[in-house]
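What follows are several structures.
Across the two complexes that follow, chain A remains constant while its partner is chain B and subsequently chain C.
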Partner chain A sequence: MSDIDKKPQEDSMANEISQREVVNQGKAVQNASTSTDVKSEAKPNKAKKDKSGYISGKESRSISKENNRITRMYEKRKNRKNVPESEYVTQMKDSGNIVEFENLHTYFFTDAGVVKAVNGVSFSIPQGSTVGVVGESGCGKSVTSLSLMQLVQRPQGQIMEGSEIRFKSTIYKEDEKGSQIPIWETDAAGNVRQSQKLDKKGNPILGADGNPIMENVQKRDHNDIPMYETEERVYNIAKMPINKMRKVRGREISMIFQEPMTSLNPVFRIGHQIDEVILLHMPGATKKSAKNRTYEMLRLVGIIPEIVYSKYPHELSGGMRQRVIIAMSLACDPKLIIADEPTTALDVTIQAQILELLRNVKDKISGSIMLITHDLGVIAEMADFVVVMYAGKIIEIGTAKEIFDNPHHPYTIGLQKSKPVVNKRVDRLYSIPGSVPNPIGMPDHCHFAGRCDKKIGACQGPYPGYTQISPTHKVACHLYLNNKDNSGNND
Partner chain B sequence: MEFARVENEKLNIGPDDILVVSHLKKYFPIAKDFFGRPTRYLRAVDDVSFKVKRGKTIGIVGESGCGKTTMGRSILRLHDITGGRVIYDGQDVTMLRSKEMRNLRTQMQIIFQDPYSSLSPRMPVGHIIGEAVMVHKLVKKSEYRDYVIEIMRKCGLQPHHFDRYPHEFSGGQRQRICIARALALKPKLVICDEPVSALDVSIQAQVINLLEDLQKEMGLTYVFISHDLSVVEHISNEVGVMYLGNLVEKASRDDLFSNPMHPYTEALFSAVPVPDPNIKMNRILLKGDIPSPANPPKGCKFHTRCPKCMDVCREVVPKLLDYGNEHFVACHLYPQDVKNTLIIDEKEAVNEVYSDDVKSEIIT
Partner chain C sequence: MIKYIIKRLLLSLLLLFGVSIIIYLLIRLMPTDFIDVMMAPRIAGGTVTQAQIDAMRRFYGLNIEHPMDRAHNLVVVGGWENFFANIRSFINGYWSWLFAVLGGDLGMSFMWQQPVSTVIGDAMWISFSLAVVALVLQFVIAIPLGIYVSTRQYSVADNTVTVLVLMGMSLPSFFFGNLLIMLFSRNLGWFPLSGIESGHLDLDNAFRVFLDRAWHLVLPIFTVTLLSIGGLTRFTRITMLEVLSADYIRTARAKGCSERTAIYKHAFRNTLIPIVTMIAGILPGLFGGMIILEEIFGIPGIGQRALHALRSGDIPFIMGFNMFLAILSVIGTLLSDLAYVIVDPRVKLDR
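On to the complex of A and B.
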């Protein structure tokens, strides 16, 4: 909350919410305490029941009324027609990045109160690298990725004012009429090649003077898909209108979901579903050229296309389905692939196959991957940079080496210690006590303080800022706020 | 009981063996002919044998669809088995009448995988835990509440949780309820069917520690079924690896993890991602998927994916043999002269117990 308050916004939205917070604070604190925390359970039975986070009808109505007001305002802004481009075109801070999140707040306005699923998240994804986002369920890692795709469930889920998601987009250049500019094929001398214009049957069309009409030849790739000129532009996805967003989704950012069964349509054949992506996003693609490209993509992910092209999703195993999804996500040469728990539903041997595939594929298309998972093993294997999230905030961020060799935040340390590792035996697993706090009405102090075994007095104070451990490594913890000199040492 | 005693001698059950599973088979009919007789079977569990000692833990690992869960449920007779024998504490579970079985059920319990779907949403937690206690009349009515609260306390639940409903709890807390429900009957044997798979990492460690503490306190025996090798390694004394309904390797934990012999076990171990970016694994990537158990490959069931496949593997089913130190492997790779201690005695195989409808199918 404090992050938003600091920023002078054009409207007082954030302030209003914070005021409402104060009103609900009393309820919220009780809410958090009932949320199955093992420690704080000594209160008598009866009194607990009355104040145990159940909201009276009256309160619930006032909350939903307030929610309606806010979400309607956001929706109104979203549904405007002809949004001027200046509103959502920005500049990257670092041109080496493909995506930059800055101060991202994604809230859900539920009937029980505001859930701050993502609460002030800032990080960037450099071009050509893999960024792993790790955290327990409910920590906001999936919502972060959905915000990037603008797929957060509306209207109750909203990206708040002041959030920025900058994405370096490669769009098709357009002329004054709004149509794409083709790339013409040239000969060695640099002249545009010309050929006779043909009609549908393949006969040359003759002009008025009896000579065949000549036309420029458009450059085509090896799948016979025509090529157009492109240019780079940086968009702020948080403010992009929906119709523009549709051109980015699937073409420049594609997503691999956790459940391969639910993300394929059961009533269409595999080939049809991949063709659809290509026909939709590649101008000038014909059914035949789309099929060629689909074949190429299926081969890339290790599937024999002749067999699978005309099969239905239910005829394939989990691993095969996930390969199909990957093929589909690669179909338009995306700059960024978001893999949201891509291997959680798969067995270890299949998981190893899929991770290997993702790694190879990333190099081939020279794109970036945002990998979301709760499995530290997968992160260690795949990621160059690691973002550790807890309760909607980033608590530690750094390169994979830094996070695994020299973790600083007690949560990161605990997470690593609590995972049993093959061939590394311990008598007793370390376990973090308690569980994730209730997301409604989070207090302003460190969200992990209740479960932390290195708690100090300052932890009850305001939320800690980031301490820079190394140029790429920072941590949000009171333990390191004051002793910056020796913070490089391992604890 | 004369019959059962003779059988026990044959299997040479030691006094410490609380559970002996011998040639356990469970086939599910998947196709029927005109008269409703099954014509094709899905061989979910196909000849699995092992023993568990009192107070120890056996871990069963394998990919999804390899029959781990079916095996666990068959041991408890939640499925009626097709062939083989399950002997719990000297009693053949498969031969018992339902009334006798009901008495035995207090001693064998199961913890299910999904704590969200295995708890009745309409019952308060205290009753979920205490229902079986009431049915089996383990304690007097007046002591009932105290008894349940004592169990809840042991499993890390608070007394005031007694009247709450499952939806008020988080995943880890619900799994504690499931554990409390299983332990309320003071069982000796607990089948843990993927108890931590649905939980977050930090909660996983809590539940594993709880299971270990309870084992020490109450002298429990666990059959721990999981697909997560690291968890199985942590908790088990012995580990069995299953593939397509067969046990392909079984050994003590230390033996198996330091010296995996079966190619499938090797591949499985190398596929587990290690949370350390400095280690680059020498990965054995298996090709393809696990075949369908309805139509398993001929010979060794693993030969379609095996990197070390030989000609003999395509034709002959390998037997589970002891290669010293109770390390059992079913693979043709290893020398034949070690065949001295066969787990499958040829004479015994003739006497295998089948239910009638399957018998004809197997003979033909």
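On to the complex of A and C.
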């Protein structure tokens, strides 16, 4: 009797437990990795999961076992010593570009399943231009930029095999011994200038014959930092080992983060934090020359260096801190600045100043900017090219003018409608219904179909390819797939 | 800064005053006193008269009535008058103690028949050397271990350390200490059973004396260290994990810092901030002795003295010892506040 009574009860209990487990695991996953925005962006999706989306503890264990296997494989490959350079040196498809993403896949192996945060993204950043990446929270725009820096939360987050991120890098030329080759100072006739070799006290050192020893004079910039010869090399960042990547980070690609309040280390002085980058990446820089350079950078971003250099971050306002971070990111003349929502945490007046500053700075260092934001206003003001992302994929890409004047994808149109416009009377601001779908186990059809107001029958079919609207403008939507008269060639 | 320190010291005087009142009150409320404990065998043997006991009480200044009798006296015998006389004697006792202390005299210990300050001063250093070594070991092991496992969260190493460390935390010192004594002293004979010095020892040879003492202290130090690294390891791990997920660590990585610099320079400096709060608790622990541990290993340190004094109702010693601990706690808190200023630039004491 009692056995029969017990059974259903036990079942329901087991059910409850497994559900609780899943919820706990979900939490654990989130806790484990709040350091990247990525995961915090994915949070709401997980919380939204409906009951049928739950997996049992057993399933979850087998998933995590499989995950461990895959991530260990990738980690092993990344942690190898002495990776041959041929593995990650490649060629640019178009020499006018500074970065080319090709078929980038960045996955997160969580206990609830694989999150395809970036799922086949391809675009390029031309030299000297600003590329805006737009999309709502959780669409993978931050992960794309973190992949470019190899800063994706490891070991859960991995750039998958087959992805390519080509970056045109300028490295220091090395001689056979592996040391950098100095640039020598020359006079008008092209001869290398020489001077007396001095000891530490500044007295000339005399040779055996009693004459002072002469040495070549190395060229120095106006901050007294010695200069070395450089050469260009294209790296595939997706395959680059960490120790090589470290030389790219901060020197050639630098990053401006969303939260100026927490992005600076609270226990070190501003000056020290900027000096650190310079000392790290500029060979031959001394504390004094690094300080000169820091002063120059602080002046560039409109800060009086004499006051701020020896301050701690908490003594500055949010806008000032963001300026400091920009100064820090400029310190080594980067080729590319990734600005990950640089103005989101600032109030509107400061936002405009920071954007103005970024624009000025870009012209001065002749670099490119990858601007990540969900604010279309910022994009309109700054970007030359716009990439619209949704659920880990690019759905529309084009020049800023094309995206703003002639948006094609229903999502892009929706985004623009949901932006408030001055001088236009609307009863209620448009909002796209629903939210980003659960990133685990996404089906192979247009991910936006569930929220789309222009849905057609084909939307249930396989994921649409790109339709070329103009040479620079393409869109991934079934509405335009067979509509060739819109303009030009189909992709 | 100096203004702040002076302010804090003045405030702590007030605090110590309150502490001394509470300690005195509690001791005087004990249902027994030194004379009872000392005379117990003779009372049982019938070799002492009540008059002699009363004389002894007067001699020691304990001649107020027992609190348990007080209610009886109040109602039946003496009425309010007697009660107030008792209270007066109580207050007088406290005042005379307080003024003696202010004059630098902690009084004579009943038990050891020596000035309290001498007893504390003598016994303190054994406990101190034991505690310092244990503390250094604890820091040297626990902090690196905590950092190590925090960089490998949920790995095999992390889980193993967590389990072992929790086991250490949960073992009581009297159990683990006795276990070690049984294993290493009784069965294997590697270490002495108890005490601090061997019997036949050439006391002139300072180095031999030192070695002998060190040999006696191995087991106690091992016990303390093993049982106490758990808390600090867990604490370091948790703080480090929190710091490692902070935005500024990502900034450090994005700058091109090596993982080593990111962890040991950028993260560790921030981990230190919560760790320095522990200074407040360390100072009284260093000089206060470990009561249970010293009793098990028969170490004549201040912890053991305190335990014996407490058992026998040695009021001057208990008062002196507790005030000593209270002063150490106050200084410890002050030091940890000052250490905060050093490690965290956001803290300003002057405001």
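A few notes on this one:
Going forward, the second predicted complex is superposed on the first by the 435 of 491 C-alpha atoms of A that agree within 3 Å, B and C clash if a C-alpha of one lies under 4 Å from a C-alpha of the other, contacts with A are read in each partner's own complex, and residues count from 1 in each chain.
Throughout what follows, contacts are C-beta pairs under 8 Å (C-beta built on N, C-alpha and C of every residue); 3 or more make two chains touch, one makes a residue touch a chain.
Since this is a predicted model, take the numbers as computed values, not measurements.
Superposition of the two structures on chain A shows chain C fitting alongside chain B with no clash. In the superposition on chain A, contact of A:Pro342 is made with neither chain B nor chain C. Set against each other, chain B and chain C differ in how many residues of chain A they touch, and the higher count belongs to B. In the superposed model, A:Pro407 makes contact with neither chain B nor chain C.
Contacts of A:Ser435 after superposition on the shared chain: chain B is touched, whereas chain C is not. Using the contact criterion defined above for the overlaid structures, shared-chain residue A:Glu259 touches chain C, although it does not reach chain B.
Of the two partner chains placed by the overlay, neither chain B nor chain C lies in contact with A:Gly450.
Of the two partner chains placed by superposition, A:Gly162 touches none, neither chain B nor chain C. Measuring only between alpha carbons, the smallest separation of chain B from chain C in this overlay is 8 Å. The interface of chain A with chain B overlaps its interface with chain C at residues 34-36.
On the chain A side of its complex with chain B, the touching residues are 34-36, 38, 41, 43-45, 48, 136-137, 317, 319-320, 347-353, 355-356, 374-381, 383, 400-401, 404-405, 414-416, 418-423, 425-426, 428-433, 435-436. Taken in their complex, chain B has these residues touching chain A: 63-64, 156, 158-160, 163, 168-170, 172-173, 200-206, 208-209, 212, 227, 229-231, 233-234, 257-258, 267-278, 281, 283, 285-286, 289-290. Chain C contributes residues 153-154, 244-259, 266, 269-270, 273, 343-346 to its touches with chain A in the complex.
The residues of chain A lying in touch with chain C in their complex are 32-36, 149, 151, 242-243, 246-251, 254-255, 257, 259, 262-269, 276-277, 280-281, 312, 314, 325, 328.
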